[in-house]
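Across the two complexes that follow, chain A remains constant while its partner is chain B and subsequently chain C.
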Partner chain A sequence: MIGLLIVSHSARLAEGVQEFVGQIGGDQIPVVAAGGASDGSLGTSVERILAGLEQLRAADGILALVDLGSAVMSVETALEHFSGPPVQISNAPLVEGAYLAAVEASNAEATLDQVAAAALQARELMKVYE
Partner chain B sequence: MPITVEHVTHFLTVAAELIHAYRDELTSLDAAIGDADHGANLDRGFAAVIARLPTVADKDIGTVLKTTGMTIVSTVGGASGPLYGTAFVRAGMALADRHEMSAEDVVLALEAALDGIVARGKAQPGEKTMVDALVPAIEALRAALADGRSLTRAVQAAAAAAAAGAQATIPMLAMKGRASYLGERSIGHQDPGATSTAYLLRALAMTCSRNEEEA
Partner chain C sequence: MTEVVLTVNNPVGLHARPAKVFVETVRAYKSTVTIQNLSRPQTKEVPVTAFNLLQIGVRQGHQIRLRASGEDAAEVIAALTKLVEENFGE
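Presenting the complex of A and B:
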């Protein structure tokens, strides 16, 4: 089972993505929201991210989906203090990437590489057709 | 005269004072091309560092710098948290278990800090980031020491180079961080990260000057 970590500058945005993604897997896929700065204001928090990674420790792998700016650097910094299952940071857009990752992860046999590849497909996702 | 833990904590105190004094300027620079939190974030981070300093006052220089970095990482929510946090942690690792340091060790610590910032942010010179202040500062420091100048004179040259480096970011196109989303509109604004780096180098120069006067 692969876990998803949702990292956003906004705690509410991260929780919203978690809620949205929960529609696919119900409580089958472990999805943890780690948004906002330590005091809950806009920003990212290495401590919140680390706590989120710890919550996903039982997973076989963790895919981190991020919004922008410091989110990647904060996850990378947190990873220097985390020794659990392997973690990948996705280059996918947050909402669409998390959605496609959850679809893939709903297969309990899916590997971290497969879930990461599914998330990346969000970069080519068509929404408006000619 | 070797540099001791007292000098390092003095530097951190001066740095916190400078960041606090220029907090609004840093935030307004960030408002132009980022998310308007750089001054407030750094001020909060350095205030937390000052609060933690008494707990490590009897420790070695490496521990003081690493504690500084970890405190910044856990209190600064913007990109400057992981960047400056990693910079101080790496500088601390370069000076692990040391109770005294030489002028060459100052170069070593700044180089380790730069390596940390580059490893974390992947920025190269010319991309409108703190790297554009730190790289010329280290070059000026190294050149002045090679010329036989005192550490105080060399650090003053480094601080001047950092300030010039920060100013030189004005015409640059931002390639990293939040400012890069603005594309061409990032041109014409001084980078807040390069500016705060220049203030940290100024704090280092002020610390050295004051110690020289007292010596």
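Presenting the complex of A and C:
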């Protein structure tokens, strides 16, 4: 079972994405929000990300989705202190990627690579039809 | 090969949660299932995946054509028909 880690500079944004995935039926898979700086202000926190990774320790693999590239460094720093299931940081857009990843991961046999590939498709998603 | 044409009536159409339920239903069967949004002529017949469902943009009132081929083709079409006719339990 693959877990999702939602990382954002805003705690509420991360929790919002977690709520969104949960509402569309993502409750079968673990989705952890790790947003905001350690004092809750705008920013990212290695401690919050590490705590999020720890919550997902039982997963077979973890896909980390971020809002902006600047959050990647915090995730990478946290990973240096984390020895658990394999983790991939996704290049997918945060919301759409989390959605597609959640649908893929709801298949318990899905691998981390499959979930990661599904999330990445979000980069081509069209929302408005000309 | 089994085929059916259905009208989608639930408010969200084949998006978000309904799309996920649709994909999970197909996943439970062996047959391969394709879908085409007859109400958007510019979209093609595509395999049922979450990404494809979002791309063909099935809205409330749109007509979809489902085709299944495989040993349980009739069963998966029946299951999907029930899902759509019951508005995905919404």
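Observations, loosely collected:
We adopt the following convention: the second predicted complex is superposed on the first by the 127 of 130 C-alpha atoms of A that agree within 3 Å, B and C clash if a C-alpha of one lies under 4 Å from a C-alpha of the other, contacts with A are read in each partner's own complex, and residues count from 1 in each chain.
By our rule, a contact is a pair of C-beta atoms (placed from the backbone, for glycine too) under 8 Å apart; a residue touches a chain by one contact, two chains touch by 3 or more.
As the structure is a prediction and not an experimental result, all values here were calculated from the model.
When both complexes are overlaid on chain A, chain B and chain C end up sitting side by side without clashing. Superposing both complexes on chain A places the Cα centres of chain B and chain C at an angle of 150° as seen from the Cα centre of chain A, in steps of 10.
Shared-chain residue A:69: touches chain B; no touch with chain C.
Legend: residue contacts after superposition of the two complexes on their common chain; A:129 is shown touching chain C, with no touch to chain B.
Contacts of A:1 after superposition: neither chain B nor chain C is touched.
Of the two partner chains, chain B is the only one that A:77 touches; chain C does not reach it. Of the two partner chains, chain B is the only one touched by A:44; chain C is not. In the superposition on chain A, contact of A:117 is made with neither chain B nor chain C.
Least inter-chain distance for chain B and chain C in the combined superposition, rounded to the nearest angstrom, is 27, based on C-alpha atoms.
Listed in rising order, the residues of chain A touching chain B in the complex are 9, 36-39, 41-47, 68-70, 73-74, 76-77. By the touch criterion given at the top, residues 35, 37, 41, 73-75, 77-79, 81-83, 85-86, 120-121, 177-178, 181 of chain B touch chain A in their complex.
Contact residues of chain C toward chain A in the complex are 16-17, 19-21, 23-24, 27, 40, 50-51, 54-55, 57. The touching residues of chain A, counted against chain C in their complex, run 23-25, 99-100, 102-104, 106-107, 118, 121-122, 124-126, 129.
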